[in-house]
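The following blocks contain the structures, represented as structure tokens.
The same subunit A turns up in both complexes below, where it pairs with subunit B and then with subunit C.
And then the complex of A and B:
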């Protein structure tokens, strides 16, 4: 597991998500990347019921770490457990309840390019398409500070100028040894943005 | 037919096969002549039956099928028309002559075959491969051609290895002390200096090396007997194992910082390669460097220079290429460090 950067790739007006994903896939294939299967990241959000100050708990899964389950509080506190934790959550349903229609996921094709892993995912919230997340991982390096400039060169040839700076979530932790959780925090950040956008657009209708 | 006394077994076999084919044609001809004769005779019989229907006895009805009876009836009938019978007799003689000729050809061919066969010795099988080629079940499999291919390949490799040996034996720079590759004289000269350093001295040397390098942690263990295995961790960038014989570098492997040189049962694994292309490349370069810095007369300086060179990789992911100024070339960072200046270069950007 190396350093990962996740970016929200904008879908221009008048084009469908599938079209943009297709263009991105063609692009990385031209660069020499080859398919190494599918990937899948999902997030379920739970709300506390009994507490005076309500708390939110996000449960994330990543196909890259199929035996793990990431539990993240809004404060950023994270617990990495094995998948039995899912069962524990159903036992806690008197305290934490899943927010309805909040299940969000990103899935798509996984690519390998030398020591890079590229993931082009379509995000869907409760089944409807919301956007595209592009993840680039540089597996041999463990410190974002060291390999950022190197990753930037590759990132910019895929997603362009969006990758001018490191992802917001990663910025304060550039010198830390990278962990899978740091990738999940980036995904959570994007998932929350997509949800907020969806919530904002709904009352306007 | 005209056998020269000296013939290879293959030629003999080919000649025999040819003769057997000839013999078969001959025998075929005999049978054809015989059947011609019989059908001719049957025709005569049946036509006679029609013409001499009144004179013919009732026994001729099954004439065509029963040879003996036809012959006897024929004899009876011959007297009736002399002109006709003479004509027939001429025909019979012609048939008999043809038959005789065919039979003579057969006996001639047969004696030829016998002669040729006499020269044939038993076929000596060389190996199981030859039996395999005869196995009719194996006709459908590719085993035999594959074996032949492998055999040819091995021969070729042997030939090339011999050529390589000739070329390499002209080269005086040798690291290996095997008596197969070096003369006994040289062996005595170079062995004590680099290889015969006592383990305690090596341990002390490595300990000092560890103290003097801030970015590296270097430790030594001896899981393989007297050979020291130096394990180097460079910052959070890479890990390396260096196998030492005395103070001579024998083996180098480089892996990522999240990889391990330990097997599942805790042994040191010096063989397996990194799963990352970048460290596989660096392993190749480190092997080249261990040869470049090789100095049997001053082994300590050789190792120090090598370790210093390896330390240059602390900027593996952060330093751009000194020549092209980029980080990535073929999706790889600069994996080469210059031997003198330690400047980073892409593999393809070296001069």
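And then the complex of A and C:
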């Protein structure tokens, strides 16, 4: 497990998500990366029932960590637990209830390019396409500060100028040891953005 | 007030008056100093108090010898007192005692009177004469008593004999005793009328499909009536037919010329162990049957793995044999030998079977470890965790272990892979040993000495090789070989590490190359001792012709006076060469200012090779040492 950065790849108007993903995959393959299977990240959101001030709890799963389950509160507090935690959530129905139609996931191909792992995932919220997330992981390093410049170069050749600065959630922790939780926090931030966008567009309709 | 008169026999009688003090006894002193006195006792109270102090029993015994008149006097006193205070309770006991004493006294008096008067009775001493006994009578009595004693003894012996006979004939009790013994050693259960036992390793963690149920039988049921029971025990076990006989796993490591020698895969069945006698003790039979089951399980496991594992070279399972390639030309064959005694006698064992006991033992160990792991999990095990998980797997969730690490975790080595590794190591170790021994025998000049470490395991061992020259033991070079499964790592004296493959020639070349370097080191050491100057020293020189392997090392030395230069060249293939150049110091010195010292004048001259064979000395170092010493003076 190395340092990974997640970026939202903008889908230009007039092109479908599948096309863009196709283009990205071709681009990555021309760089010399080869496929190493699929990846899958999903996020479910639970809402507290009893409390006066409602609290949200996100449960994330990552196919890179098949034995783990990440529970993240809005405050950013994270609990990493066994997959048995899912069963625990169903027992907590009276306190936390899953928000309807809020399951969001990112799925796609996983590529390996020397020490880098590239993941191009298309994000879908309740079955409808919402955007593209590109994750780049540099396996040999554990501190983001030390490999940021190296990653920036690769990232800029894929996602372009968005990768000028490190991701927002990673910025304050650039000199800390990278943990899988940090990657999940990045994903969660993007997922929340996609959700908000969807919520904004809905009332307009 | 009391008055006592004391009579003394010797002294003239003097009346002594003893009076009690008139002062009253103080009962209590108050805080203000006032004293409270005890009221004085009245006459009668005083008397009763004193009377209580008298021990009448004591007086009785003392008074026995005294004339009765005194006693009568006392009784008189008593008689006087009794009517005086009849109702007084404390006096009652005194009265009773006195009365009793009086009665006894009277009786004694009567007896004495009777004895004394001799009117009514005469007392005579009893005669002590023993009755005379006849010898014959005595003998008869003794005889009689002896007969009685012998009868008791013979009756007891008879009873013992009867019990003994009962025990021999009564197998029921014996059978139960043996069953109890069997029960202590094996698992038994009762099904209807039969007693079944279990000899498989299922309770010890085995998951082999084949069961090992045996039946417990009574010998007396088997033996027909009237027939003499020859069996030693009254309990017998019937073992399933597939577990009968003797079995063992034979492990062989052979050198085969071809890649895989299938022709050797004939059904070998050495009857080396022989068969079990049919009337062996049940414990022995059960143990052998259990071993058969164990060997079968082991072989089944190995055969399954041999088929499943996709190695670079395929493993072969032919009949009761598993063939695998350890190294090119070396083959490991694992054979299950199961001899039931019913097979036809096959005339084989013409070729000597090389059984590897160590590897067979390792195989047993490995399977037992598998059994153990099936049952016992690594100890700190939380109650709420899933059973059978290792600690790392349990923590994989909370610490977010990546997929790759989880995959590595789940991979476990199979028995066949493990035994293959061990075989590789043992083959490699044997090869190394042989190479070192051969070199030590063939190469005499630097002596090669190998120290095998006793601390090794089945996959790794180490040996330290040191080179010394006879007479120059202070110069020592050593290298350490770490023998692994597939390769040998060599750590040289200067800390360099190089890896060798399983090919022995590599090791041989390396050792010979090291010997060359050792000799160069020796020459350098001699130069230091003799005061020669080292002009140049190249360990791995690129000069001279290309050799088959190794590099040559060269040293150039100058004598203390500077007139002799010596060049030593050592190569593992072409051997050692020594050349000497002598500078003739010419008489005339050029007046050039560039020539600062006389030695520069004599630069010319050719190197002449020294025939090392013909030099005198025990070994190369000795020869060079002598030559140097000689050249020092020239």
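Following the convention adopted for this analysis, the second predicted complex is superposed on the first by the 205 of 205 C-alpha atoms of A that agree within 3 Å, B and C clash if a C-alpha of one lies under 4 Å from a C-alpha of the other, contacts with A are read in each partner's own complex, and residues count from 1 in each chain.
As a working rule, a contact is a pair of C-beta atoms (placed from the backbone, for glycine too) under 8 Å apart; a residue touches a chain by one contact, two chains touch by 3 or more.
All values reported here derive from a predicted model rather than from experimental measurement.
> Label the relationship between subunit B and subunit C on subunit A in the superposed model as either fit or clash.
clash
> Looking at A:179, would you say it contacts subunit B, subunit C, both, or neither? Reply first, second, both or neither.
second
> If we overlay the two complexes on their shared chain A, which of subunit B and subunit C does A:69 touch? Say first, second, both or neither.
Only subunit C is touched by A:69; subunit B is not.
> Quick one: name whichever of subunit B and subunit C touches more residues of subunit A.
Touching more of subunit A: B.
> Which of the two partners, first being subunit B and second being subunit C, lies in contact with A:1: first, second, both, or neither?
In the superposition, A:1 touches subunit B and subunit C alike.
> Have a look at where A:200 lands relative to subunit B and subunit C in the superposition and call it first, second, both or neither.
Neither partner.
> Now for A:114: first (subunit B), second (subunit C), both, or neither, which partner does it touch?
Only subunit B is touched by A:114; subunit C is not.
> Between subunit B (first) and subunit C (second), which does A:50 come into contact with in this model arrangement: first, second, both, or neither?
It touches nothing on subunit B or subunit C.
> Mind working out whether A:149 is in touch with subunit B, subunit C, both or neither, as first, second, both or neither?
Once the two structures are laid over each other on A, A:149 reaches subunit B alone.
> Run through 97-105, 169-177 or 259-267 for subunit B and report the one that clashes with subunit C in the overlay.
Among 97-105, 169-177 or 259-267, only one stretch of subunit B overlaps subunit C, namely 169-177.
> Could you give the residue numbers on subunit A that contact subunit B in one complex and subunit C in the other?
Of subunit A, residues 1 contact subunit B in one complex and subunit C in the other.
> Show me the residue ranges of subunit C that touch subunit A in the complex, using the header's touch definition.
393, 396-403, 406
> Which of the residues in subunit A come into contact with subunit C in the complex?
For this pair, the touching residues of subunit A are 1, 63-70, 80-84, 179-181.
> Would you pull the subunit B residues touching subunit A in the complex into a rising list?
Counting only subunit B, the residues touching subunit A are 236-237, 256-258, 276-279, 316-318, 320, 326-328, 330-333.
> Can you name the residues of subunit A that touch subunit B in the complex?
Listed in rising order, the residues are 1-2, 31-32, 113-116, 138-143, 145-147, 149-150, 152-154, 177.
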